[in-house]
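To keep things clear, I will list the structure first and then write my remarks on it.
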């Protein structure tokens, strides 16, 4: 069960090229992404209503998608506009879902829920991704685990000094200080490690024989949009005198067992230094691919379920942010289902089956 | 749930060599195929009733099959005739199913249902496969989809000009004309594209600067035996003046998710031309392997179920033949189950579990 | 459903090295194995109760295990003794299961059931494994089948002359004689093939132009601990004049579909002959890997269930030992479940979910 009335990242804008049919499973549903001749990005259901062929196996004709199986054509609103056979009768109910799609911050944001509730103004701020004063490196990959386990990983950054010890070792610091704040449905968790040794992630090219403070401040918005403000500054000095990066950690459920992970790192130093780009790409590759991902996927396997709470986990104070996130998600989901059952007669019905992952 | 009282192709006759144990799953059941010393082909259950070892892992001793696990021997009627251990007592109920098997048209036809209902005269005509005036090329492969989706593909040949555009492009023709006729439980669907350009499939070696008519006439018999009469002739001329091929498209369910596809093409021209053989083999390899198969399997994945109708597909006039086929199958299956429950006391009970595909 | 109050082999003692975290699924549960600084072997649950990370991804600090995700530390009794974050509060219920583990005969024996019932004196005799008058070669591998199917294989050794004909061909002998005896819950089955030809397994380096008697005496104790006394002697001569090997066949369920198979062969001849070691290793590799394993796994696939009896197998006299074994297991399991439901209030509750195998 996924929250539908929320913004998810469907793709990096650059993934959806001109004159191409791109597809991805989102919340278990097949989604087709393409651009009109005007450049406007469109998201439709990627399944022909006739024989259920994936539309991305067809072709783009102007602004129209032609199914590759029997040639039905659909416009950018999802309506079937051509049946090339016989008398060419188009059944009036022949249509596919059209999803609200917004291009912003170099990302394509999709709204899988009730169309009327989609307000682009509620997309959280990720302006740093397009800030010319920063250098951004990023990408997208898949996590073979429920997206909430990846959120848990991010919202409890005490894991950093164990999982990512080779990049950030704060064990020598004089104790971490954590705070968690909720504003509306936004969670901000801060973690402060004063007076320690410079970590490898931030100190490339610096003298490492100094004392520093580290910070890791993360902001979460539903369903799984995280911005991580992290950095290092000489002990006692303002953050502005140190080095800072803003991380984007954007999770989109592909299925109940798999997650699209859109990630980026936008630093405010060494902006034109290609070696620094390489340094951060290595951190993303090793830090995620060889450190976080195996751990997150192993917890999924060892849980044997996607319902963490049913296993009665031992909770620590450092879980406060992750637990608040789960509570907010639960109440948003309950509210959405309540509202859906109230208005189910009038609501737009979309396909909810999970076509990805499980056996057919 | 499969129709049992119907003829299925178990194998090409040439697949079952002398002195060899051949096996294949049919309707989810393991079937052993071999030849007696006389050459007669035999079909038995491929599972020892003792410890359930696959009998094809054993060996053939004369006309008798010896289990490779503990050496029990079974004759061509399925009866256990030797226990090689201790006092050699053979439990009277130790036997395996024997299926009716008929060798005809170069194929081995199996009847998985009630033995008394098996009438070889009801095997549909596939005489063209052994017609010396024709050249036949063919083979067998697997489709990872329910067999009815492959039938749908064949019974609606409007897909040809989209899926197989590189071989048959009738888009320039002056509109397709379709008719569907039911005679008893046989469906014949015809498709006629007059006055177009020669298609690559039929025009090898011909002048292509002429106008032609194409036809595609397909006959279906339960459960999934199809004969396709297709060809091309100069516009307005009798079919006999053109080129014609008779296709054999014979589907046998392996499991609910997978299908054996026996296929052949028997052409009436270039009969002794090996290059024409190569041309048709390429069509079979690309046209099926790279065009139909990925499409059929994708629809299966995107349906997420094997029950097409539960998804309320948008149906077009060009679906008429495929829909009639599904209706006939439904009523045959209902009649069979009704009859089975009426006579369940006296009926031969065979193993119905699907041992192929799903997790064990 | 597995018998829990029984001794299982968790590992060869040599598999668990000093200062390393070894892990294995046993009865579907993740088990962590390591050695304290004193060398004592320890078995704990391999799953952190905080975020369910596999503990073997962490590290060993003295006698203590540190979780690799957030750094919680657990002592050899399974109690959490350190939370490295914030105020360092350790929740009192933060603990992992500790299992009784005994090192004996070069093996680590685990008791997954009620701790008070674990009596190391009830570990069956496998002294031959450490007998200096014998040469032992062995190993461990995985069988993709329910462990009872592997037990069936071993407890009916009439399969030898069919499955392992290349090593032991007793077909020329004057008939096998079998006896089965039950003493308490121990089964001993003997098989005697007098006056035959020397088999390849035992006759390496011998004159093979003599008449011999073969014997295969196997002992079983719950749940799946088998000792096989097998050998060959000149016809009519005492066994002590022949060649004898004692086989160890120790099965530990990994999951309901997969089994750890610990095996060894301890021979009383050619004790210092490396070529004889090679001969027996080849027998283990081919005889099991290419002969037994494919057969056992095929029966599992062809049964389509793990419940043999529900398929109503044809039983032979040679199944007597295997059937007695299944009956004893059934009654032990029933007694255990009865006892568990009687004392469920006071009993130690351990995790019973099967985390291995099935989809997550």
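Letters A, B and C mark the chains as written, and numbering starts fresh at 1 in each.
The working rule: contacts are C-beta pairs under 8 Å (C-beta built on N, C-alpha and C of every residue); 3 or more make two chains touch, one makes a residue touch a chain.
Just so we're clear, the structure is a prediction, and the values are computed from it rather than from any experiment.
Engineer: Any idea if chain A and chain C meet via the same residues, over half in common, or different ones?
Structural biologist: Under half shared, hence different.
Engineer: Fitting on CA atoms only, what is the rotation between the copies chain A and chain B? Please report it in degrees, nearest 5.
Structural biologist: Answer in degrees: 120, to the nearest 5.
Engineer: Please work out the Cα centroid separation of chain A and chain C, and write it as a whole number of Å.
Structural biologist: Here the centre of chain C sits 46 Å away from the centre of chain A.
Engineer: At least two partner chains per residue is the criterion; list those residues in chain A.
Structural biologist: None at all.
Engineer: Quick one: which bits of chain C touch chain A in the complex? Just the residue numbers, please.
Structural biologist: Those residues of chain C that touch chain A are 30, 46-47, 49-54, 57, 67-71, 80, 83-87, 89, 91, 93-94, 353-355, 359-360.
Engineer: Help me check something: in the complex, which residues belonging to chain A touch chain C?
Structural biologist: It is residues 152, 156, 158-159, 161-163, 175-178, 257, 294-295, 298-306, 308, 311, 313-319, 358 of chain A that touch chain C.
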